[in-house]
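Order as written gives the chain letters A, B and C; numbering starts at 1 within each chain.
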Amino acid sequence: MLLDIHTGSRVELVDITTQVEEHVRDSTIRNGLCVISTRHSTTSIVINENESGLCSDILNMLERLIPPSAGYDHDRMDNNADAHLKAVLLGSSETVPVIDGKLVLGTWQQIFFAELDGPRHRNVDVTVLGKD
Amino acid sequence: MLLDIHTGSRVELVDITTQVEEHVRDSTIRNGLCVISTRHSTTSIVINENESGLCSDILNMLERLIPPSAGYDHDRMDNNADAHLKAVLLGSSETVPVIDGKLVLGTWQQIFFAELDGPRHRNVDVTVLGKD
Amino acid sequence: MLLDIHTGSRVELVDITTQVEEHVRDSTIRNGLCVISTRHSTTSIVINENESGLCSDILNMLERLIPPSAGYDHDRMDNNADAHLKAVLLGSSETVPVIDGKLVLGTWQQIFFAELDGPRHRNVDVTVLGKD
């Protein structure tokens, strides 16, 4: 299943947990895995706690470790090298178990789509695999 | 299968390779994948070499890149923002192939549970998927 | 399937997209997942854009965040602690959906093997799972 996500800022964490859970519930898979993966090289998937202060901290950490426009080679082509580098650090997918037809997340785990070069229209694949 | 892990320090790498290998051996899956995933937003799964100096280096690198109590927003709620940020960088799961009923790791690869806000009681899912 | 990769430098990004796509096409799986995983603790798998400037930026970012020979404990055993630490940050595998028998990557997504302690002969597992 393909999620459509419209982001509103240059960098932003969008909580997609509900959509992913719905897709797992609608699938016929009872036990297996759910993979959430992005189709874009300037975005990422992150699992962590949805607390507004922490979301700011995550984006600030990325900005501190990988400052924008810091003389990157790729900025001569397209002025978004920092977004690619942040995506490389965070990775392009996350995998979550499915047990008894439900996505198994911990109490403080939510699934985020990380926009790193928005605002844009984006696509995220949700793939559920296992036994009916 | 759910692993129970009791950690003894604030930050710590716990080698869980043997438990994961046993679970793969006990499953009926001959060829496929094994996913090791954490249910906590201040812990992570890491695959690397189990050499004591390197384990210190990994924890020191995280402390250097993400110093504790460095004015994070989330610390007003709960004084562990650095643990969440380290978990975001490392990711919440790792995936390893299963071939002929065995977990396929390289000679210098071991599976670690990374405790980043201990000591605590923690849970790790081990999911094996594939063909009998 | 096991890919054989011969790297030519200490640090290097090798585009393995074509080999992975061929393997997915040759498998009987129509819908599911493809996992690309390394067997080495000083290498990693990265998905991002194959643009030469960006590839330099990725390697430079790793060198900046984790400078070689910076007094690491592991360097007393083997002078490659930085390569292990870079591999820990990047992770050991990536997972990509398979739909209608094809690997589903975005327009600007390519799959790279990241050599961090070469030149060497390396092995990467490509595992395809799903429904025929």
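Going forward, a contact is a pair of C-beta atoms (placed from the backbone, for glycine too) under 8 Å apart; a residue touches a chain by one contact, two chains touch by 3 or more.
These numbers were taken from a predicted model, which means no experiment stands behind them.
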Same-site or different-site touching of chain A by its copy chain B, using the half cut: different
Copy-to-copy rotation for chain A and chain C - C-alpha atoms, rounded to a multiple of 5°: 120
Centroid distance [mean C-alpha coordinates] between chain B and chain A, Å: 19
Shared interface positions of chain B, touching two or more other chains: 33, 65, 89, 91, 95, 129
Partner chain B, residues of chain C touching it in the complex: 33, 35, 37-41, 65-66, 72-77, 81, 84-85, 87-89, 91-93, 95, 123, 125, 127, 129
Residue ranges of chain B touching chain C (in the complex, touch as defined): 32-33, 46-49, 51-54, 56-58, 61, 65, 89-91, 94-97, 104-106, 108-109, 129-130
